[in-house]
Structure formats: C-alpha cells, structure tokens
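Next come two complexes, and both contain chain A; in the first it sits with chain B, in the second with chain C.
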Partner chain A sequence: MENTVTVTIDGITVKVKPTATILEAAKAAGVRIPVLCADDKLHPYGSCRICIVEIEKSPRKFTPSCTTPVTDNMSVKTMTPDLAEARKRILELLLNNHPLDCPICDKAGSCQLQDLVHEYGLGPSKFTEKKRTVAPSYHSNVIDREVSRCVLCGKCVRVCREQNAVGELAFTRRGDKSKVSTDFDQPLDCEFCGECVEICPVGALTTKQFKFKGRTWNLERIQSVCNYCGCGCRTSFETRLGRIVRVRSGARNYLCSKGRFGWDAVHHQDRLTTPLVRVSGELVPATWDEALAMVVTNLNVIKNKKGADSIGGLGSVRTTNEESYLFQKFMRTVVGTNNVDLLARLKVPKGLNTVFFSGELSKISDHDAVLVLDGDVGELNPLMGIEIVRAVNRNYKKLVLVNSGFNKFNRLASVVLDYLAPEAALADLLPAMKSGKGGDRVVAAAAILKEAASVAVIIPGRTTDKEFSQIKELLSLLKGVTTYPIVRRSNLQGAMDMGVLPDYYPGYQKVGSDTMNRFAGSWDAILPEAPGLNALEMLAGIKTGKVSALYIMGDDPAGSDRGLKDILNKLEFLVVQDIFLTETAKLADVVLPACSWAEKYGTVTSLERRLQQVSRAEEPLGESKPDWDIIQTLARKMGGPMHYGTPADILNEIRSMVPLYADLAMGGIWARERSPLAGADMDLSLWSDTVMKNEVITADRLLFSSGTMIGRSREISTLCRTKAEV
Partner chain B sequence: MLTEEEIKEITTELVHAERKEAASIEALMVVQKRRGWVSDESIRDIASLLDVTPDELDGVATFFNHIYRKPVGRHVIALCDSMVCWSLGYDPLLDLLRKKLGVGFGETTQDNRFTLLPAACLGACDRAPAMLVDEELHGPVTPEMVDGILQKYK
Partner chain C sequence: MEKMLLKRVDIPNSADIDVAMKNGAYSTLATAFGMRPVDVVNEVKRANLRGRGGAGFPTGLKWELCSRVPGSLKYLLCNADEGEPGTFKDRFILLQDPHLLIEGMIISGFAIGAERGYIYLRYEYPTALVVLEKAIEQAYAKGYLGKNILGKGVNFDLSVHRGAGAYICGEETALIESLEGKRGQPRIRPPFPASQGAWRKPTVINNVETLSNIPYLIAMGADAYAKIGAETAPGPKLYGVSGMVNKPGVYELPMGTTLRDIIYTHCGGVRGGKKLKAIIPGGASTPILTEQHLDVTMDFNSLVAAGSMLGSGAVMVMDETVNMVNVAYVLVRFFAHESCGKCTPCREGTSWLYQVYKRLMHGEGKLDDIDLLLYICDTVKGKCFCPLGEGAIQPVLSSIKHFRGDYEQWIKSGKSAHV
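Up next, the complex of A and B:
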C-alpha cells in the first residue's frame, strides 16, 4: 500500500494512513482502547485521558491515543499494569464529583462511565471531599440536564457545534465550576435533535420522553426507517412489553427532532381503530366486512353507471413501496382506470427523476464545493443539512449559499448570496460564471464554483420554470456536478418508482400499447389503454362531474387545502384509508383504518433511491390493518386476484416487474442510468396556481412541521411556540 | 445595543483575526473598557457581530477572570489565589482586605470603590503573595502595606 505507515498495537502490526491517530490504528488492529470523550463523528479533543497508552521508546510515560497521530514503526501497548492503575485513578477522580445515582439514571446499562468503573473495579476512594453538585435543569422542552452527572467530556458541546452548527451548548465558567450550559442557562432553544443526549457517555443529558420508561437492558430493538422526510434515516425502535418507549438512530448515526421524538404520534389517542361508514350523514363504527362491502358496492355501481374512468385513486407518500405498488395495481387492474396519482407531486422538485437525481448524502462532503440553492434545506431535509455542515466543518469544503433569510448556514458559508428568490440570485450568478462580471459576491461565488473540480448542488424543493432552466444552465457550467434535490415527503421516491402516476407504470414505463400488453400479461388483467387523469385533473373532474368517486390512501388533501373540502364534498363516493380521522376522512363515506408504519413490514425508498426495510415494532392498533392488506382484501372482494401472504411476496412481484428493483439489494441504491426517464428534459411535478398553493405548516418552524403524523406528536408540539397556518 | 464606536473598534480588531470568533476576547474587552463590565445583552450583541452563539461567547467570557459578567466597583482587586501565595501569606492578607473593605470575594464595597476577586493565578509567584489592582501588580504584599496601596485608588 502506498502512503501508509506501519504501527504495532499490542503486538499486532497494521498499516494505516499517516494521518491516523493511535486510537484509529488500534481499531484497525482490532484492539479496543477505552474512550469517553472521543467519537468518530467529532474532531479529536483529548479531555478525559482514559484512552492513554504506552508508546515504546517514548520519553512520555502515558500518551492519549485519541489525539496522537501515529508515526512509522511506532509500537504501542494499550494495557499494562501501570495503565490499568492510571485509568483507575482517572475514574476515581471522575467519580469524585459524580452523584452515582445509577439506580434512577436512564443511562444505567449503557453508560460508558458505569461500564468502565465496572471493568476496572474501583474500591473505596481516597478522596473525602464534598461532591460538586449542580442544580439539574428540567425547564427545557424534550431534554433534561442532570448537570451533576456530567464528566465534562465536551461531546455534547462539540456535536452541537461541529455536526449541527447550532452551538446551543457551551462550557461556561472554569475549573471545578465549569458546566455545560445554554445561553445564560435559558431553556434550550435549538433544533432539538437530541444528538447531544445520544452522544453523552453518561446520564447527564436525558430525554423527558424516555424518563423512567424502562431500563436499557430490558429493551428490545427493532431496526426500521424514519418516515418523516425523504432522507430515510435508519432508526432503532426500542420497545418494552411490546410498546415503543424510545427511538434511537440506526446505521446512519443521526436523527433530527422528528425522527427521534415524533414517533409518539403512533400512540396518539385519536388513532382510528375500526372502520367507519356514513349512516344518515354520520360516520359510525362498522365491521371490516360491512365497510368493505360498502366500498365494493359503490365502486361497482359507479363503474357500471359511468365507467371506470369516473373513479380515481390518490396514493400516499407515507405508505410502503409494496402498498403503493398494490394501490396502482388495484386501480389499474381491478377498478380498470389509469386515474391514479399523488397529490404530493405538487411538492416535487421540478425535474426530479428526469433531470435531477440525488447523489448519496454521505458523499456531499467529498465535493470541493457545495452550492445550496435553498437555505431552508436544514429544515426540510435535516440529514442533508447535517451533511452540508459536515462538508464545511469536518472536510473544510467551501459553501456557497443562496439564502433570503439568516440561519446556521450563513455562519458556515464562504459566500452568501442573500437574494429574495433563487431566480434573482441565479440571474446574477450566471453572467458572473460566464464573463466574471457582476457584484463582488456573485463574482466570489463564481470563482469558488469555477475552481471546484466537483460541486454538490442542493436543488430547491420547489422552483419556477425560469429557475428550472437557470439551474440547468448553471449545471452545464460546473464540473463534477452531483445534484441533491430537496425531497420533503418521506416515501415520495418509492411512490413514484411504484408507478402511482397516471401515465407511467411502475419503473417509469410509459403507459402505451407495448407496456400495456406486457403488464396486462403479467397481471393477468385487462388494462385501460389511455393514460389517466393526474391529481389536478381528477380534482377538476369532480367539479365537472367527470369524476364521481375517489379512493384516497394516506393523504389529506382537505387538511392541506381547506378549499378542497367543497370539491371533495361533490363526490358521489369517497373512501379514505388513513391512520387518523383527517379533515379528508371526515368527508368520506367509508373510512378504512390503516395501521402506522411502526406496525407493519415493508420497504421504502429514500431520496437517495435507497431501498430500505421498515419493520414492525408494535402490533397494529385495534382493528387497523396494513394498507397492503386492506387493498388486497378489497381487490379480492371485487374479483381481482391478489393473494399475498406478506409484503415480501409483493416485493418479489415488484422485482419481476420493475427492472430498477430487479436485483436491488436491501440498502442498495438504484442506478439512475437505468431509469427509462434518465436524462429526459422533462418534469414530473405538477403545478397549480390554486390547489395547495400554500403549504399548511403546523408549526412555526418548518423543521417541526410535516403534516398528518407530526402534527399529532405530543413531543414535537411542545417545540412549537405558535401554531401557525400559512 | 452596542454603540457605533464600540462596533467600529471591534470591527478593527476583526482585521487581525482569521475567523471572527478569534477576536472574542478583544471584543469583550472593548465593551468592558467602556462599560466596566459585560452584560447578557452585550454578550448577545457581540455574539451576533462575531457570528458565534451567545452561549459560546459566554463560555469565553466566563472562563477569563478579567472579564466581568457582573457590575464591578471603580477598582478591581484580584488577590492571587493559588499555591505559592497560600504558603507565603495569603491568609492574613485576605483577612485584612475583608476587614478593611467589609466585603468578601465577589463583592463590591458600598461606596462602589472596590470589588474583591480571587484570581488563580496571577503568575507572579516570585512576588507572592501578590495582588493586582486594576492593571497594577503589587507584591510581595505585607499586611502593613495594604493601607498604602488602597489609598492610591480613589
């Protein structure tokens, strides 16, 4: 290997990069060195000294391994009697000020201090001084600080600053008075990601949500995926006696406030537990058989009277791939119409899945420069925001920011273009790129972008036609471009991939006679020939009488746009399948109770086009059922052949029908080149000047807002100062 | 709110700093020089000027002995509070100062003339026991000298 040095750790020889620390070399050698203040996510710090080692021929007795770089032919011992003794003393000093209230500490069982004391076996302490005590702070939302338990490792301070660029926590005072505090000890006013809680090696930072809910050794862990935005962070549901008590980050090692705390919507008292049917104007509980029979009869009557194309289906970005796939298959094969779409296409970045495909989020920091065209990125796709911070703070990359407001990215950016809209910024940036002319800032921005051999470009979630073409032009002037479209809606990618589109079958296969014959053959059904109505056309069709019935799965148009209530009221028949009695469900003739994403299996596809597994952590509530099961039961009652035992059976069928998914491994990303639409200069988004023009936001910060589910999280609602509706 | 003058002076300091936050101490001193101490409000104002959070700046401010986060008297006495001074006559000196001034550590005299603070350490072990009044170092200080020293500061 080129450019490596050879290091021997406890007799094991490894080759590592010359920039590696002894700690990293030990990891490579498979040797464990105890640590308290070191973390892979953070720059080395060296405050706790527990990671000391002995270096052969060093004049220094002990050396901290987490901050010391290796040198060639270095030989290191990580465990000697002297080291053990020294570590004991360090622990003894730490315990000197530690309350040792393990029996009531939520961290007990996964506390690094507790584990180390157990490992090194301390006896009675020599110190008799009074312990330092600092008053706990319970006055922040979501997070408590038991300051006396703090070992001053600085990880919370550093993660909040280095990784999040929030800087909400800092050490104040000095010596034995130093403590982790917020601005003048005010309650936390931050992103509430809980990353500081997660990284704290002891129980000094804890969440209110988990307080006294269980001991860590009694918890079961189920790996799943967050359902609150397109980033698709891996989560670990922790359950006690079959009920979720905590959610922590999984493989990707980050969760935002919604991902970590917002799961409690699953336990909301308003969850639907039985089907509801409308009897003399009122929605009343019914059995599944009654409710489904009512759906079957009404859909059949309308189909016979007005034709299949008078029925439409609106799918969901909250359901799994399997459910989206079955939903469009149901509409196409059983109902017999291509009228199937996602209203969420109104919120899709222009050019997504045609011109713009997302790169891997973890590779944002590999680029020489990052160009952010929407300053709200951190609120809309928090993990994407974190990766941008990482590019600057960890990899020292340059950031060019277009932002009309002021937020944490302004502090990180090399150049800020503070224009009201991207359109104006691009209008100045483009000439600067081409001729080098313009104001100081655009010229500086252009210089950075031109010099960069690779640029990660964050594409706004919503753009005008003008901006769309400006961005395309800009991209043609840059080298090594990777785009990162902001995708707010969680499984939007999966729903589109699965063909919840009126003019595309699953896998972006255009509805036409060839494809129709192929799908009709495999699905063993007669398929409608013409492309269907899109979501907006369906809504318009209700007004003109062209559309008489809608089947809405997991979407709440009336909740997003009050103006749609009147339109939906004109329908002859409305079926809504959801986990809550949403504004839309309140208008329905039949409401089918779906279970939440924590109560079912399936897959979702993140904005990176990564296929990921969703797993069941709890039994479905009441009589609620997974969406896929509801659809197939309904299909069977209408004479359609759907017999799937598990979502895995559906995924197998998807693999056989959708080339993009054919050999896509779990955790893998489908290659953009394989999409039939790759590179086509077209746009799959919908645009309306009237429908859902304004986002209904349920909180004063976009970060805490994301519709049906988050609006019902108690924890997240405590973070909202005002309930705003825009 | 920072005065225009303060902002100007802080901005001048920024020229020497590679990153704005590197000028934290200078910026705090600019304000303290004019107002005698640094209030929460000033911390907020300076922080936004330096692109750091108030908390981060407060971390710096509270770390340093000579940045005052509470109002102080016209003169500040910093009595060296560490090992060498302890062994060379710190105790009688502290007792005497307490008696003469009628205040303890962290307190200000009624007439607002003196604030007494501990400082660990003044780095003047060769002149232990040492004390700093405003910017003037005194030491070794014997109890007999105290009156004379205090008189110099009105």
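Up next, the complex of A and C:
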C-alpha cells in the first residue's frame, strides 16, 4: 500500500499515514495510551509527558507518543515496568501541588488525573514541602476557576485559540508560577462557550451553574438536540432526581454559550403552568377543558360566519417536526384552510431549499477555500463558525471574508473584504473574478477563489434581490461549490419540510388538484383547493377584516415587532400556544401552556437537513403539554380524527406522506436532489419593508442576544448588559 | 595560534565599520559571492564546522537541509540570546566586532538562500543592542546589507530582535516562538526549523560564534580550516573562563585545548594559589568536573566521554573554599526560575529541587534529602520536552557524584547559609 507506513504497537501491526503520531497509530491498533494534554480537537502539544512510550532501538529511553511521528517499521511498547514507574513519577509531580480536594470537586468521578492516579496506584508522596496554592486572578460569572487544581496541560488555552479563534485564555508567568489567565487578568470576556470547561481534564474549570448540584456518577444522561439555532448540535441533558442540572455536548463535541448554559430558561419562573382564558379583559387560569372549549367554540363560530379562510395559523420554528406536521394538518383538515405559514420566513436566506442547500458542516474544513459572505456567522450559527476556524487553524485552508466590522474571523482570513454590505463586496468581486481587474484585495480574493478546487460558501441569513442574483452568478464561477446558508432558527428546516407553508404540502409538494386529492385521501379529509395566505398576507388580512382569527403556536410576533400588537388586537379571536406568557400571548383570548423541548419527545431537522431525535429529560411542568398533544386534543374536540399515542406514531405518518423522510434514518441527511424544488430558481422566503424591520440593537453580541427563550436564561443574562430597540 | 575570531577586538573603535574594513571586514564577501551557494554550503560541510551554541550540530548539514527545502522565503536567525550562566563569549564579538557577525550572516544567508536575517539578542545586552544597530546601519550605508550587495544581485536584510529576558528563548524553537511574538516556549520537533521554522518557513538558526567563523572559513578554505584544533570538531573556539582563576576572560584557542592548558597556561592558574576543586566546563547545564579531569581536551566528543559536555565553552573554575551544595543550589534556583513551565517534569521537578535545596541551605536538611534529590532527578530525567529540564538536573547529579562529602558535611553541621 502506498503512502502508509507499518508500525508495531505492543505487538499489533498497523498501517497508518506517514504523518500519523505514535498516539494515533496506537489508537488505530486499539491500544490505549494514557494522556492528559492531548485531545483530538487540538494540535499535539506534548506538555504532560504521561503519554511516553518506548521505541525499540531508539537512543532515547522515553518518547512522547502524542508529538512523535511514526516511522516505517517502528516498534513501540506502550507499557513496560519502566514506563509504569515513569508515569507514576509524573503523576506524583502533578499531585505535589494538587489540592486533592476531590470530595468537593465537581470533576470528581470524571477527572482524568483522578482516574490515572487510581490506575497507576500511587503510594505516599515523597513531597513534604508546602503545597502551592493559586487564587484565580480573573473574574467570570459563569465559569468557576480553582486554579490550584490546574495541571497546566494548556487544553483550555489551546481550544480557545485553535478551535474557537478567540484566544481569551493564555499562560501567564512561567515555571512553577505558570498559570492560565486572561490578558492582564481582566474579567473573562469571550464567547462563553464553556469549551474550556468541557476540555479541562481536572476540576480547574467548572461551571457555576453546576456547582454542588450533583456527583457525576449520580447523573442520568439523556441524549437530545440543542434548540437554539439551526446547527442542531447534539446535547446531553444531565439530570439528577428528574431535574436537569447540566447540559454537555453530545456527538459533535461542541456547544456554544446558549447550548451549554441557556437551558435554564426551561426552569424560569415565568413558565406557563396552566391554560389561561380572557375573562372580562383579564387573562385568568382555566382548566384544559375550559380553555379548549373556548377555542373550539370561537373557531367554529368564526368558521361558520366568515368561512375557514378567515382563520390563519402561524407555526413555529422551535417545535418538533411532528408538531409542525400536526399543526398544518390541523389547519388544513380540521379548520379547512391553507392559511398556515411561518413568520420566520421573513428571516430565511433567499433561495433556501431551492437554490441553496446546506452541505454538511463537518465538511467545511475539507474545502480548499471558504468564502464567508456574512461576518456574523460565528454568532448566528456558532458551530458553522467553529468549522470555519477549523478549516483555517487545523487544515490550513484559505478564508475569504466579507465583513464590515472586525471579529475573530478577520484574524484568520487570507483576505478581508471590508464592505458595508455583501452587495457592494460582490459588485467588486464579480468583475475581479471575470477579468482579474479591481482593487488589490478583491483581486487577491478572486485569485484564491479561482485557484481553489472546492469552495465552501457561507450564504448570509438575509439577502437582497440583488445579492441573491449576485451570489448565484458568483457560484457559477467557482469550482466544487458547497453552500452553507445561515439558518438561525432552530427547526426552521423541519417546519418547512413539514409543509407549514400556505402553498406547499409536506415535502414541498405544491398545493394543486393532484396533490390535494392525494393528501385528502390519505388524511381522510376534505381539503381546501386554493393556496392559502402567507404570513404577511394574513397580517394584512387582519387589517382588512379578511382574517378574523389566528392560532399561533410557539411564536411571538408582537415580541419581535411591537407594531404588530395593534394589528393582532384587531382580531376577533387569538389563541396562542407557548411556554411563556410572551408579548403575543398577553394579547390572546386563550393561552395554551406548551412544554419545553426538554420535556418532550420528537424529531427536529437541522440546517444540514439532518433528522435528529429530541428526548424528554424532565416531566412537563405543571399542566403544560407537548404541542402535538394539545393539537390532537383540540382536533378531536373539533371533530378531526387525530389519535396518536406518541410522536413516533406521527413520524410514521410523516414517513408515509413525505418522500424525503420515507427512509430517512435518525441522524441521516435527506439528499437535496430528492426535493421537488431542488434547483428551481425560486425563493421561499418572505420580504417585507415594514413587518419585523425594527431591529433590536444590543450592546451585547448576537451570541447572547435575547429571544423568547434566551431572554429568560439566568445564566446567559449574566453575560448581557444593555438593550435598546430602535 | 593566530587569532581569527578575536583578531580585531583589541583595535580601538573596532566596532566602527571603517576601522573594521581597514582590518579585513567584508573582504570575504566577494570570494563567497564568486562561488555558487551550494559550494559555500559544501565548503562549510567539508570543514566540519560544528555549532558553537552548545549542541555541536554540524553547521553545514543544517544549512544543507534548509537550502534543499523548496521555496524562496527563508530565514536566517542568529542566536544571540547568550543566557547560559557563565557564558559571555558572544557578547565579546557583539560588542567589539559586530561586523564579523554581520559578514558571516550575509555569507550564510547567501549560502542557504535566505534574504532576511534576524539577530535575536538577549534582553540583558542593552549595550550590544546599540552597537549592533549602529553596525547594521553602517553596513546598510556601505551597501553590504540591502538589495544587490556588491552589485552581485545578492539581497540580505538584517535587523535586531530583542528578547524579553527568558533563558528558554536560547532554545531555538522557543526563540522562534518569541521572535514571532508568542510566549517563549519550545515547539514540537519535527518539523525542524530547517523545514518549518520562523513563520513556518525554512529557517536556519546559528550561534553568534558559529556565524562569526564563516568569513574566515570561506576565506581560508575548508582544508586549511579543518587543520585547526580537534579533528572531530575543527576550528577556533572561544572559551569564556570565569571564577577563581587569576586571569578570567574570553580566550580564543584551538578547539580541543586541555582544561589544564586553559586554566594554568592561559588563565594563570587558580587564584591565590589555592587548590582546584571543581570545574564546570561548558555553562550551568553541563555536569561538573574535578581536577582529575584537567587533561580532558575541550571539544564535543572528549567532554562527552568524560561525562560532561562542551556546551558553550563557558569554563567556571572553583577552588577548595567553595561549598558545592551552595553551587548546586544557586544553579538549581536559576533553572527553577527559568523553566518555562510547559512540561510537567521540568516545571514541577526544578521547583521541587529548588525547595529541597532551600531547606538544605537553611540548615533544615536531612541526610535522606541527598537520596531525595537523586530521586527527583531520576523523575525528571529523560522525560522533558526540551533540554532545559535535562540540564537542570546536571549540577545536582554531578555535584552529588563528585562531592557527596560536601553534602553530608553541610547537613551534619546544621549550619544555615543566608540565601
């Protein structure tokens, strides 16, 4: 075999790449070498010296396996009496100044130092001097620092720089006075992703959120998916006595601040625990029967008086696929209208699901070059940002960045195109691509892009018509393009796939007589023939009296745009289903308490179009119910036949109705070619010059900025400062 | 032997370019430029010049490795971070004959294909900074630096980068990190600097003395040069002798001069006619020798055979009045202070050694502590990231090996020294 070398590890012979380290070769051979400072995420560093091995015929007695590349026919021993003794000695050195306060350390039980000392069985130490204690020299609201426990492996420093490109942490001083701190010991001022905590092998860095909440061996772990953006990071809910105490990263091994710390919103005191109904102008608690009866009566009255099309439904980008599917099915089959849509379509990249389909995030770093058209990508889709950093820092790929401001990507970029909007940047870049003429920077950018055999293009979350056509033109000039549209809303993809659209049934099947008959047959219902009103048309329809009632599930239009309050007030009847008493819910005639994503089962579809399982970690709070259960109860009361025992039953129906999901495995991605709209030069987004145009300007970063959920996270709120709306 | 490296140092105002030129500076440039770069490299290889910084790596081989790496952007770094305790030979050249170094760097840069050079100067040499910067300015004015030197199409730019006061930055990869503006910590090797050094470009790092040998080596030719001094490491060598001798100073002698010659012939013997007790032959990190080693020749191989190292050739001489526990304490304190803190054995080991020595010096030692010191050295040995930790245990090991009696006597006496 070419381009491999043969290495023997403890008698096991493997073939590995010539660039592999001994540690990697050992992994390939299935041999475990103990490590402290090495991590797959990071470049080799070689500081802890635990991973030393013996190489046959080497002049050196011990060789660090994490930093030493293999050579052909190398023979390595990973465990000899000498090595055991040597590792024991290193551990003794590490323990010399370690406080050994394991009983009060949150890391105990999952501490690599503890495990290694246990494994190598240290006796009494020969160290009789006074232990060194180090006080934390920098402040943080969310991260607890016990610097004396630090083994100075540098993983936190390196993950912050190599993976996140933030570089907030660094070593200061030297020798035995070395410690990890911030620049000039200033309070921690970073992305607060908590990756440093996650990667710390000991208890030097822990979270304040988890402090004294439980011992790691007493925690139950429930695999789920983060609900804060479209990246769909896998998470692990860690619960103690049925209550979440910590969230950690799952399979993809990364979480941002919201994903790691923002879950506490589900424990917020403002959570709705009972249904509310409006009685003489006031919202008062009611039973489910009372509340649902009020919904049924009002919807039926309006339907009989003004027709089904006077009722509209606004779906959610936070609910599960099953719930989105059921919501549009409810509107279409029970209410009898196609007036069902997502207001979030106002914040969707133009061309998403038609022209632009996302590639796999983990493959961004495989491209020769990355073109980022929106410098805020790291704040909007943090994992996408991490993968871009990885492309540069780990795979040494080139980055072309369009950014009007300055952030971490500026430091990574080969070329920065400093334009106020992508439109202006593209107006210069396109001619440079074609003729090679233009300013130095665009010419340099064009040269990189033209030379690259593959380019990952990060598409802004919102583009003008002009930019949309410019981007399409640019893509036609590049080789091996993969697009990555920024999708901030967590289950936007799933909601669109599920047909929460006025003119498409689930699976992007256009509303028409053929499809209508097919769906009517399967759903055993009479379906409206004409496409419905989109979200903007519904809002306009309220003003003209065309729309009299709205059913809003898991969205807060009035919270995003105060101007919509007056419009929603004009409705005859408004029902809002949410987990908090949002600005919109405050206007409602009936408020139905839903439970959070941590309290229900279901599936979501990430921006990669990856189907993933959401799992219940806690019992529903108070009387709150999962959205799918509320919808089907309501449907039954209105005479619609909905009888699902679990979300899995709904998923089975989805699989039978939506070809894209028919054989989609959990964790799998549906292939873009299979969408009926793939390649169509059209746009599924909405555009309004008035609705939701007021932007919330915060002094904080988009990463911590508030929404319905994150605004109620105590932990994240400690990171935020001020907010102003214009 | 006729002086080469120190030929101009005694001439008044020798750091001035006109004075230096009158005495032969820059005269070898034309010879070198008349050769192909590969021939210059081969000449240095043939002369078997070995690096004078301490490790004794063959200079020609280092150059060859670098010059073979494809790519046009390469760097030549001069290691002037002369931080090894006891060493002061490079300072002599930097202060008295900077143009020798500059000339050597121009030729070296030409040979390896580097058009950019840096002199990484230790922070504690402020005067040398002034001298070097003036010398570089003068060399630019005369056209020896910059574009198209001597009209031969050779380009070489040179500047001084001042360190920030860390011993570890004398280690070549830590030096590169520091030069790049990062924390001074050694890098993983491989890749070696010759293929990926400063800013990940091919880089050669040579000691001041090594580079200063180049003009003479090229001028006299490899054959003549190889005839000087020891066969395994020819050429002149600067020995910086300090301590209890009558005439301490920097001596240029053929590589392989015996310690006896250095101390008794050139330095006038031990001060006050006292008895010689111990010799550190090559700077703080080289094992201590005793009077029984006086006939060892001072070159790389002979000293290794004698259980020590040539290091930087910084000979420190101690007489019978010296307490070797104190010597080891002072040296260990230095290494504990200078450990960069990156790897466990060096960071924790040097710190532990220092604390034990502190106890000994305070009169709180026990006889068991001698074995404890050896235990700590054994813990550190062979596991460190870079040579610093390995060097740090040498004074301990060698002082206990040769002067265990000093330890026992000191501990039993219960005396306390003011440290």
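Here is the rule we go by: the second predicted complex is superposed on the first by the 714 of 726 C-alpha atoms of A that agree within 3 Å, B and C clash if a C-alpha of one lies under 4 Å from a C-alpha of the other, contacts with A are read in each partner's own complex, and residues count from 1 in each chain.
Here, contacts are C-beta pairs under 8 Å (C-beta built on N, C-alpha and C of every residue); 3 or more make two chains touch, one makes a residue touch a chain.
Treat the numbers as computed from the prediction; the structure is a model and nothing was measured.
Student: Do chain B and chain C fit side by side on chain A in the superposed arrangement, or is it a clash?
Tutor: Superposition result for chain B and chain C: clash.
Student: With both structures superposed, pick whichever of chain B and chain C touches the larger number of chain A residues.
Tutor: Between chain B and chain C, C touches the greater number of residues in chain A.
Student: Let me test your reading of the model: by the given contact rule, A:152 touches which partner, first (chain B), second (chain C), both or neither?
Tutor: Touch status of A:152: second partner only.
Student: Look at A:175 in the shared chain and tell me whether it touches chain B only, chain C only, both, or neither; answer first, second, both or neither.
Tutor: both
Student: Once the shared chain is lined up, is A:161 touching chain B (first), chain C (second), both, or neither of them?
Tutor: It touches chain B, and chain C stays clear.
Student: I'd like to know which partner A:57 touches here: chain B for first, chain C for second, both or neither.
Tutor: In the superposition, A:57 contacts neither chain B nor chain C.
Student: In the superposed arrangement, does A:643 touch chain B (first), chain C (second), both or neither?
Tutor: A:643 contacts neither chain B nor chain C.
Student: Touching A:90 in the superposition: chain B (first), chain C (second), both, neither?
Tutor: In the superposition, A:90 contacts chain C only.
Student: Would you tell me the residues on chain A in contact with chain B in one complex that are also in contact with chain C in the other?
Tutor: Shared contact residues on chain A: 170-171, 173-175.
Student: State the interface residues of chain C toward chain A in the complex, per the touch definition above.
Tutor: 166, 168, 183, 185, 188, 190, 336-345, 347-352, 355-356, 359, 372, 375, 378-379, 382-385
Student: Give the list of chain A residues in touch with chain C in this complex.
Tutor: 44-50, 52, 60-62, 64, 67, 69, 86, 89-90, 92-94, 96-97, 126-127, 129, 151-152, 154, 170-171, 173-178
Student: Which positions of chain A touch chain B when the two form their complex?
Tutor: Within the complex, chain A touches chain B at residues 161, 166-175, 181-184, 410-411.
Student: Of all residues in chain B, which touch chain A in the complex?
Tutor: Its residues touching chain A are 40, 43-44, 51-56, 58-59, 62-63, 120.
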